[in-house]
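Multiple structures are listed underneath, in structure tokens.
Two complexes come next, and they have one chain in common, chain A, joined by chain B in the first and chain C in the second.
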Partner chain A sequence: MNGQRIVALAWKEWREIIRDRLFFALAFVVPAMLMLLFGYGLTLDVENLPFAVVDYDKTAASRDYAYRFISSRYFAFQGYAADEHDVDALLADNKVRMVLVIPPRFDERLGRGEPAPVQVLIDGTFPERTQTSMGYVAAINSAVSLDNMAHALSRVRGIPLAEARQRVQPIKLEVRYLYNQSVKSIWSLAPKLIMLIMMLSPPFLTAVGVVREKESGSIFNIYSSTVSPGEFLLGKLAPYVAISIANAMFLWLLATWLFGAPFKGDPLFFAFATVLYVICTTGIGLVISMLVQTQVAAMIVASIVSIIPAVLYSGVLLPLPSLSPAASMLAHALPPMYYTNIVVGCFLKAVSWHALWLEVLVLAAYAVGLFGLGYLLFTKRPRS
Partner chain B sequence: MSDMTNGGLFSVPGLRRLRVMTQKELLQLFRDVALMVFFLYSFTGDIYLAASGVSMQLKNAAIATLDADYSFASRELASRFQPPYFQPAGSVADARQAIRRLDDGDVMAVLDVPPRFQERLQRGEQVSVQLQVDTSNSVLGFLASSYGAQIVGKYALEAAAQREGLAAAGGIAGPVVEADTRVWYNPNQNDAWFMGISELLTVVTLFSILLPAAAMVREKERGTIEQLMVTPLTSFQILFPKVVAMTLVILAGSAIALFGVLGPLFQLPMRGSLVTFFLITALYVFTTAGLGLLAATVARNLAQVGMLTVVILMPMLLLSGAWTPIEAMPPWMRGLAWISPLHYFLDAAYGILLKGVGMDLLWDSVLAMGGLGIVVFAAGMRRFGRQFG
Partner chain C sequence: MSAPAIRVEDFIKRYGKRVAADGLALTVQRGEIYGLVGADGAGKSSLMKSVAGVLAHDGGTVEVFGTVIDSERAAEKVKQRIGFLPQGLGLNLYPDLSIEENVDFFGRLRGVPGAKLAERKNMLLGMTRLDAFRSRPMRQLSGGMKQKLGLVCTLIHEPELVILDEPTTGVDPVSRRDFWAILGKLLEEKGITALVSTAYLDEADRFHRVSLFHEGKVMGEGTPAELIARVPGTLALFRAEPQADALPRLKAQFPQTEAMGAWLRVFAEGLDAAQARAAVDTCLAASAPADTTIHLSDWFAREPELEDVFVAMLRQRGARLNTSLPADAPAAAPTSTLAIEATGLTRVFGDFRAADAVSFAVPQGEIFGLLGANGAGKTTVIKMLTGILKPSSGAGRVAGADMRSAGLAIKERIGYMSQAFSLYHDLSVVENIRLYAGIYGLDDRRARQRSDWVIGMAGLAGFENDAAGRLPMGLRQRLALGCALVHEPRVLFLDEPTSGVDPIGRRMFWDILFHLSRREGVAILVTTHYMSEAEHCDHLALMFAGRVVADASPEAMKQALIASAGQLLELRVDRPVPAQNALRDAGFANVALHGRAVHLLSREADTDRERLPALLDKAGIAVQSVGLRPLSMEDVFVQRITALEDAGRRSP
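For the complex of A and B:
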């Protein structure tokens, strides 16, 4: 290992990167753009769900009932449909995602103190949204039911409405939202976006950067020089790691300043873990670049290899406990999940070494493993 | 001679050139073995992983009980938190232990029942029960608190009805609203269908931007574009075969994904016309490839194309509505979704495969997609013509 050669290589690589203005700009613009785009656009709240009502009863009671949905911010009323035959086309054409069918004698049944059935048809194309909207429907229905029960009880017993209300609702549930008290998506999302973007961008940059030399043939200069494989890899990758660390810092600023996500943890610990993670993801790019010969292949492999684990197996979009056993195993075998724990721990839970040492250890093992693999795969005597 | 043997449509010189150029593109593509291996993986293994592994739903969320009452009523309430949504995870002795288990991510929620719960319930007093939910994941947190509220609400209403003499054999005899919820198109809430199709569309999008763009820029980088320019080929005859070749390959990949993975392994229904599906897919690939070619006219080397692809791909994926509902986005983003071809393709693909709709409902999506395609393709050709004309 010769430090001077490493520095020289890193300097050469750095100049090559900054001379390609568009590439250099995009290397910084892309992560920031993704952060803004996902931060503003990737809302996981289900709101304004378009829905229609079929009212066969057409009484004040049925209109009142429908109005509970119409006035809710979770639903966006698209109008009354005449009967159920119109509903097919509306749901099939994505004009509405839900239809509320109020059968005849709705008012009459309630008036007699009997349960009144209604029908809710929900588009099941997006299962997670379907479940959330079913939750909203259940909440509105139970509120209506409680109201009706309280009114009926106050009439029958001759007690004031407030007392009747208390009687039909003997248990009050207080929900405490831990770690993110407003359940605002962006707070839990913004920190995880750092993980996501730092999983996507470094492998891509690195893989393309290394394979570029292979494809253009300039790698033969390295093969025929005195530079050893270890020196080449360190020098070649240092600028990419540096760019990615700068990006990670910028994303952290965006998360805390622009999106207002609280950062409760230890900044030093977080910085250390982030550098480790960036080295890991750069290592993924390195291994990819050793396995492919063309830049197109490098880009495709980098995107497929990094998007799937980062989006699906890291806990950003999908709850980890609901993964199937095989997927859960895969999630545990890949770095994003560990860094997600670190990010969430640092931002929302204010935990540090004592709770996260295992995650850091795993990331370190990954970094060493990936660079070791890259080193083994890199040979100055290519088979041809 | 070859003109005569081939005959038919391709004997017209312009079409023959298109065919030869398409063959050239296909050959070039197939010779990149690593790329082809990954291409196949993307349309099989990757889609299998996405469809099999993931569920967007709350399943077996571990819940611990902090029971300070130790009564029949408190145990009854706690025992109602059952699979599929919840999984009882024992009890905790005090609040500090509850917080520690939540901190460790060992449990997702803690149900806190106060002392004298049963006593006060029987006396008709109002009693508070607390549910602490880990909302680090806000979707999961919302679902857990929503199901928790439903369970407690149902229990409370039943307890009240029993005390007030309103209970019937089948439940409650009061004027309540009973919703009969029916989920259409995917009644069992099979996540594999949604995730599988969504992943297929993502992979199709990735390849249709990147492959033609890369093929174009590679010619620029190596200088072979100059060779093409001195041939009698028009810029349309240079650009279009690239798109045709990639479209053919991507359609083959989609067929493998549908008939080799999603159909046999996940019982995807495919209710609509598959001919329509593949025609719309071809149109979509053409439109998206136009975007790729446009990027290729901006980029000078492959690395730039790669970055530009990310710049185009990610907003498209996000604004399509596959990951997150468009209705809930800020208005300016909702506006942008109208110019994302994936938005229309998503509607069409889910419509045909899950809902079984046909062109009578999809014509507007197809029209918008085709319109977008013509605009970007024309813009790409214009820029290309100016650069090399």
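For the complex of A and C:
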């Protein structure tokens, strides 16, 4: 190992990255941009769902019932419609996602203690949202029913309303949300985005950066000199690792300051694990660059190899236990899942070595394995 | 010190099924400048990369400084003693780094200590006259400067052996000469051995010894003079009227007959000058029908050039030069109609004048050459003439119509073949032709007819269903030409049509162009950086910095050079570099090294031939021979451009 050569390589690479406009953007602008776009765009919270009401009953009871929905922060009331035909157009145009149809004699039936049907029309094009909004509707509806029952009980038995309420629902749920007290999806999403973006950006940068030299022919400067493969890989990749670490720090700042995600864990542990993860993903780029010959191929392979595991097999969108056994095996074979556990643990759960040592170990194994593979695949005397 | 610098035996290299090098052998002694000469795909690069230890070969022995290169470990042992410049102008340099940063990087990569690095950098940048541009990013350099920077970076660790892969391809002739001068001087001073490849046969005399490469095999090895002596014969240059009748007759007897503008160039193999004259006379008299006599004039006979010998060697190995063009088609009547007319064509990009008041005229049936370095404005002019680019001022008329307002009907009378041979590589030969026929709106019957014509003309019979991308360069080039001709245009534009094609392919290509111009009256405008090819043109316009600086026939340009600067003398000497210095001191301005010989321009050639040996003898240099050499178009080009650059420097 000759330090001077490693420094020369790293210094050259650094200057190329900061002077090439496209590379500069890829290295310093794109990660932060992705964080903003995903952070604002990928919120899974369903709130302000636009809805309309068709009220055939037009009584105090039906208005009262509708008002429970109108006053909820999960729904955004768009107005009353005269009949169901009017709402078809609204649903088709995405003006409303849900319609509440209160039939005639709603009040009358309630008064007589008969079942009073209410129709709910929900846009089912986006199953996640549909499920969530159905949950809200059911919850509001049962709250109204319980309330009505409690009022009736209190009237009939002459007991105070509070007692009537307790009688109606003897088992009372006391929910405490752990780790993410207000169940804001951005709290859990922002940390996972660090995982996602650090899975996309370093392989892309590294693969294109190395293959660019193969494509132009400047790799022959390396082949024809006495630089050892180890020196080349260290010097060439050091800037990419450094830039990616800086990016990870910046994304951490965005997650905590801009998106307000809490960071409860040990910063030192998190920094260590993140450096390991970045080395690991840089190694993915290195291996790709050894296998392809053109920048276009490098970009395509890097996108596929990084986006799919990062999005589908990491636990960003779907919780891992809900994956099929095959998908779950795949997830366990890829690094993003382990780092997801680490970021979620560090941000939200305040856990550290004792809970996450296995994850760190796996990432370390990956980093060593990928760099080892890259080192073995690199030859200064290729066959073509 | 006994081992030769390079010893190669039975060298074999395959890429998949394709055999790139098939049993190559050569030996390079220390201190030699050894040339590998051949077209693209001849196997030069594979051999050079293997010698540099950056490519694994499939068979044979490669030995460098006595070390057998058979593994990565073995290659590492000699790499510090080697400098390697891969193919592609400036491609191994870093475009975003400045000249100085590039040199520094190479120096540090090679472990050159700081003080030494600074010293060598100053010396090399000074010698290449790059020191004024140290902080300029490499991407903003001209082709010639990139090439010199590449050389500096290759030499920064003072290797004992330099391997330069086509260092002069795509560089203008002035920079090329400059490059050879610098390289020669450096190699001589430091005693460096060099292995250099080139696609230009006329550069072979820059080397001490050369190997001629063709399709993965060595056709011949030796000094340029030895190689030329291997196929004895006479090169005859003369005029014959009518030329179009004389050419096919001569070609039947002398396969290596070419038309060079108004001249004919015949290589009479195995004949001396007198025998050649007699044979040509007999051939023209015997085969002429009663009603036409062919009149011969301006006869010159001389030693053949390396290219003639190379083509002869390839013919001996079975290469064929004929195309299936009808030899007896009636000659087109000479006309004075102008096919292309540029008047004051100017194109301004920002404050850069890419083309500056360019004017010339091409009559129907003429081959017109547009010469100039990369960036001189040739492509800009072609683009304005074909209506792709609007001129800032001035006008271009093609086939009688102003190109700014020309409709489709006029554009259909133009054929255009671009630098990159715009073919669809995954389509077959026939599919490519039919596609172009479709683009030009030919009906089915015509399309089939023209497709057959193209296949015959280009010698593509048997390749009809092969993918265009898999054809050899020469065939691919003729297919591209055929596609440009599918609609029988009256005016043909060719942008650098012969880059990378072997000599046989180039000859067949020019035969076709000659046929088109003489028999079918097509006007052809061609740009080229092969100076030797410029001599095929009837008329030349020389472009420099966006302007036409000379506009005459090749012959007239040479005469003008003789009148202004003198004739070309070649001196064979024992020590070329001191001889060059001595001649410079004696007041000769245009002294250049060519391998072991020195070239100079002399106004009094006859007296100089007498007095120069004595003059050099005083400096302790032995002169083996002094002789006159014919001027080449490269001499003309270099002379004109250097004069213009000097004038530009004196009055900025």
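Note that the second predicted complex is superposed on the first by the 363 of 384 C-alpha atoms of A that agree within 3 Å, B and C clash if a C-alpha of one lies under 4 Å from a C-alpha of the other, contacts with A are read in each partner's own complex, and residues count from 1 in each chain.
Criterion: a residue touches a chain if its C-beta (ideal position, glycine included) is under 8 Å from a C-beta of that chain, and two chains touch if they have at least 3 such contacts.
This one's a predicted model, so the numbers in the text were calculated from it and none came from an experiment.
Q: Quick check on the superposed pair: does A:A364 touch chain B, chain C, both, or neither? Answer first, second, both or neither.
A: A:A364 contacts neither chain B nor chain C.
Q: Which partner chains sit in contact with A:A326 here, chain B, chain C, both or neither? Use first/second/both/neither.
A: first
Q: One more residue to check, A:L373. First (chain B), second (chain C), both or neither?
A: Neither partner.
Q: Return the chain, chain B or chain C, that is in touch with more residues of chain A.
A: B
Q: Could you say whether A:A271 touches chain B, chain C, both of them, or neither, answering first, second, both or neither?
A: Neither partner.
Q: Looking at the overlay, does A:F220 come into contact with chain B only (first), chain C only (second), both, or neither?
A: second
Q: Is A:D20 touching the first partner chain B, the second partner chain C, both, or neither of them?
A: The answer is both, since A:D20 touches chain B and chain C.
Q: Contacts for A:N48 in the overlay, against chain B (first) and chain C (second): which applies, first, second, both or neither?
A: Once the two structures are laid over each other on A, A:N48 reaches chain B alone.
Q: After the superposition on A, what does A:L36 contact: first (chain B), second (chain C), both or neither?
A: Neither partner.
Q: In the overlay, answer first, second, both or neither for which of chain B and chain C A:A8 touches.
A: The second partner, chain C, only.
Q: Please write out, lowest number first, the residues of chain A touched by both chain B and chain C across the two complexes.
A: After superposing on chain A, chain A residues 20, 216 contact both chain B and chain C.
Q: Hey, which residues of chain C end up touching chain A in the complex?
A: 15, 49, 52-56, 71-72, 75-76, 79-80, 82-84, 86-88, 91-94, 96-97, 101, 104-106, 108-111, 137, 153
Q: Contact residues on chain A for chain C in the complex?
A: The contact residues of chain A facing chain C are 2, 4-5, 7-9, 11-12, 15-16, 19-20, 216-218, 220-227, 379-384.
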